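One structure, pasted below without further comment.
Per-chain numbering from 1; labels A, B and C assigned in written order.
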Amino acid sequence: MAAKKTFEYAPAPESRAIVDLKSSYGLFINGEFTDGSGSTFKTINPASEEVLAEVAEATTADVDKAVRAARTAFTRVWSKMPGSERAKYLYRIARIMAERSREFAVLESLDNGKPIRESRDVDIPLVSQWFFYYAGWADKLGYALPGNGHSGANPQPLGVAGQIIPWNFPLMMLAWKIAPALAAGNTVVLKPAETTPLTALLFAEVCQQADLPPGVVNIVTGAGATGQAIVEHADVNKIAFTGSTAVGKAIARSVAGTDKKVTLELGGKAANIVFDDAPIDQAVEGIVNGIFFNQGHVCCAGSRLLVQESVYDDVIERLKRRMTTLRVGDPLDKNTDIGAINSAEQLARIKKLTAVGDAEGAERWSPPCDLPSNGFWFAPTIFTGVTQAHRIAREEIFGPVLSVLTFRTPAEAVEKANNTPYGLSAGVWTEKGSRILSVASQLRAGVVWANTFNKFDPSSPFGGYKESGYGREGGRHGLEAYLSADPAAAERPPGRRTKGAHR
Amino acid sequence: MSRIDVRKTYKLFIGGAFPRSESGRTYDVTDSKDTFLANAAKASRKDSRDAVIAARKAFGGWSTRTPYNRGQILYRVAEVLEGRRDQFVSEVRASEGLTARQANAVVEAAVDRWVWYAGWADKLAQVVGNANPVSGPFFNLSSPEPTGVVAIAAPQDSSLLGLVSVIAPAIVSGNTVVVVSSYERPLPAINLSEVLATSDLPGGVVNILTGDIAEIGPWLASHMDVNAFDLAGVDDVELAKELEVGSAGNLKRVVRPTATDWTADPGLSRLTPFLETKTVWHPIGV
Amino acid sequence: MLRQTLDGLPGVDQVGVEARAATLGTRSIKTTSKQWAIDLAISMVDLTTLEGADTPGKVRALANKAMRPDPTDPTCPSAAAVCVYPDMVKIAKETLGDSGVNVASVAAAFPSGRASLDVKIADVRDAVEAGADEIDMVIDRGAFLTGKYDQVYEQIVAIKEACVRADGSHAHLKVIFETGELGTYDNVRKASWLAMLAGADFIKTSTGKIQPAATMPVTLVMLEAVRDFRDSHGRQVGVKPAGGIRASKDAIKYLVMVKETVGEDWLDPAWFRFGASSLLNDLLLQRQKMLTGHYSGPDYVTLD
């Protein structure tokens, strides 16, 4: 019999060899890669701080070029193409993404820092599925708007969509934006986040492999200035933005007085509510998944645990015990549960806010963790003794940090859950069906997960109330943002206000 | 001397396999100019009985797959169909007496029709289902579910486009089917069976019997384990009435035959007849 | 009373527990960890034959296999036990001698459990007197499914009594739930607590005679139960998944699940067993591959 020793897991690295990393990338405009007219910047691997590649910073002139390409492609090719043909391009993209899934998963983990298990098992499969789902809508748009059934009046695309996506789920956010836009007949100019441009640039290759007509998809890399140039461009009909609430507000101000339609998917401070009759072991998994999945870099993260006071001790004990089996480390190791923090800036923000938590008297706890010396790392952390009057209960930390609050009754849970300017998501854990439905109906959040958390599906609408943004992505509702019942919508120059226009 | 080709045998398609008719019968299939093409199996009532058993067996698994999975499988069928277009073009040409250009158009339309239906799998529930605002503290949701085993009389004339237009809508929502092909133009149906058999479609989801609807139809109509009957290919008015009467024995959902332009957009017309609506209530309270 | 206790246990969400088991199954165990895990798994096997056609010859062969799974490699560990019907215990015991491999006997009207309590107790006593080190009893599923938890409890207590030998020592009692008949994870949790409260030394998933037998999610629920029981009652109880585990890959997944659910205290044949027959040869094939670097084949493991 083997002598009793610790069951250590040996390193189980996913090979990087599958990715063909170039040393530098240009912009993808009108179906080909082209140099930007401005400066370049570097993108690094946050787990090691190794430079991965040099990327172009698109200038206002570059953005203009991209929008022109999108407009031309829209007018001459894409808006004229029957939906069934558009569908086939999207199906091709879905299939190619499935074929090249491992390559994309590795690249995503390198550029973003998230564990390969998550990019392989969650992010990339959802990308392929998102394109597959929306491909099927392209030729069924008559059923998409309220008033289902073939109304005879086919809704029209809006024209050119400017899309700005964040760094937390780079490729998945790209799919959430591009798939419905193209299915509805729009063309796009998309800017990936400055710390995670690489999978978007690789996606451009897939567009080429699928023979997508040039100009239908344009990828311009850059930072805040590039994003601003897209938002302010006079010939963009629609803006879709996922990112911070602060920038979302700036965009809303910027498009005021124009005809531009906007959807915003912003921050959150979701309550994960655990009742005394929750299926306790699965609830603990749900809490862990809710805040430590993707290093907590999730807008809909369950960052406030609201636990019924009568089961507080039991839940916290089980939660801490469960946290001791979380493995923090190399994102490319298949056994890693928690990867690197995406950037130095984000790590600084997390440290700052957790220090505030300490200062305000909350009690911090993390399991013992060996954090690597290179790269950006933060141990999974919980703060107990938190109340609504703590900053760490109100402000989005966007890291693997859970604030734990208590409640006594369902009414109190609902009240506390809603007591926030945000309203993106919430979790409810109880075995009682009527309570699930009662609480869900009162929560002011766009997504309610009952006895589960962080579940996404292309057919399921996702989006927030209040300062978490407006509009929905996914499902039939996700198409509405890219369609207009007015046939003349795409013809009108969006930069100028007309009577009766609304968002 | 030119090479002698290896000619295909055309058998039935039941439970994912290709058996001959248990009756041992075949019949001559000719092209539009009466030239002999092949012997096709002539399905008997026992074959239809076996096909229903296979369809029922496959229903539990097929109907409980995720809609996304069914959509992917149907899309794969379209991929394989597209890959075999030349074979289908020549077979449709021969069967229906079309020009090359016409046959091409038919095959393209058939593939596109299949792709269109594949895309419905994960959207039907959103278009025909909904929450209901009942006047009480209840959560109330209506969702579509597949009805079960659907018998289908495939169109007599449109041997490929009409054929896919009756099969795809029934199975995309989770039903399993027993299809009686066109009597005089059965060969594209058996070709299609070969495509289905190699496309990850589980055996028994689609079963295709070549034969005479006048002979087998009444047995399917009276079969108590068949839930619906699409009479698209029943051209004879008396027979159609007889089959509708027979179907009343277990209240099958029946789609009567009408003159149909198979090239036109079918809308939901062949999706909804084979759906049941399940409405669930649950109280809302602490 | 017992019913209220058991009904008051927290529920198990099916989707959640199955997802957790699946995620645990994605752990990638390589090189030295894999070697260690394979050897540990071998040492945890209860090598089993429970056929109507069992004979002394068959049992003798099995017992030798359990002592020397790989006759060409003395570094290969022995199995934990052989598992046989009561009337085969004597021959197994004679063959195994003082090798350290235990004899486990199924008992209590295995596999159905459908007999009077007196008959079940006689069955158990036979096996204990024949020299069984361990008794694998089945619970009365009919009584369980009609909510007669007190009856099921009393039967276990009585059978535990029947495990006591003349010298005061007792055969270790494993209680088999036949989880495939219990239908829900909630029932598996209740059965676990019931058996542990009644004094079980081990709780076991299945007889191996019906499908489904052992599964990862069912075993996960049982591991959570033994963990919680030790926390609240201070007594450690073992877990044995049985039936349907054929591949080394799966055995290793179970060991990962043990480690991450209850911790390393259970990573020992005294607290975790695999009820299996063909698994052993697959473990040996994997062991050979780890040692030699190339894939092995069925000619290089013994068939007994």
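The working rule: a residue touches a chain if its C-beta (ideal position, glycine included) is under 8 Å from a C-beta of that chain, and two chains touch if they have at least 3 such contacts.
Just so you know, these numbers come straight off a predicted model, no measurement behind them.
Q: Give the fewest steps needed to get from chain B to chain C, where each step moves from one chain to a chain it touches.
A: 2
Q: When you take the mean of every protein CA atom shown, which chain's own CA mean is nearest to it?
A: Chain nearest the centroid of all protein C-alpha atoms: A.
Q: Suppose chain centres are the mean of their C-alpha atoms. Which chain sits farthest from chain B?
A: So the farthest one, by centre of C-alpha atoms, is C.
Q: State, to the nearest whole Å, the distance from the C-alpha centre of chain B to the C-alpha centre of chain C.
A: Computed from C-alpha means, the inter-chain centre distance equals 49 Å.
Q: When the C-alpha atoms of chain A and chain C are each averaged to a single point, how far apart are the two points in Å?
A: 45
Q: Centre to centre, by mean C-alpha position, how many angstrom separate chain A and chain B?
A: 40
Q: Where in chain A do residues touch two or more of the other chains?
A: none
Q: Across the complex, what residues on chain B touch chain A?
A: 67-68, 71-72, 75, 112, 115-116, 118-123, 125-128, 139, 265, 267-268, 282-286
Q: Mind pulling up the chain C residues that touch chain A in the complex?
A: These residues of chain C touch chain A: 10-13, 15-17, 19-20, 26-34, 36-37, 39-40, 43, 77-78, 224, 255-256, 259-260, 264, 267-269.
Q: Considering only the defined contacts, which chain A positions touch chain C in the complex?
A: It comes out as residues 1-2, 4-12, 117, 121, 277-282, 285-286, 325, 334-335, 431, 451-452.
Q: If we count contacts the way the header does, which residues on chain A are in touch with chain B in the complex?
A: Touching chain B from chain A are residues 84, 87-88, 91, 129, 132-133, 135-140, 143, 148-150, 410-411, 433-435, 437-439, 441, 458-459, 475-476.
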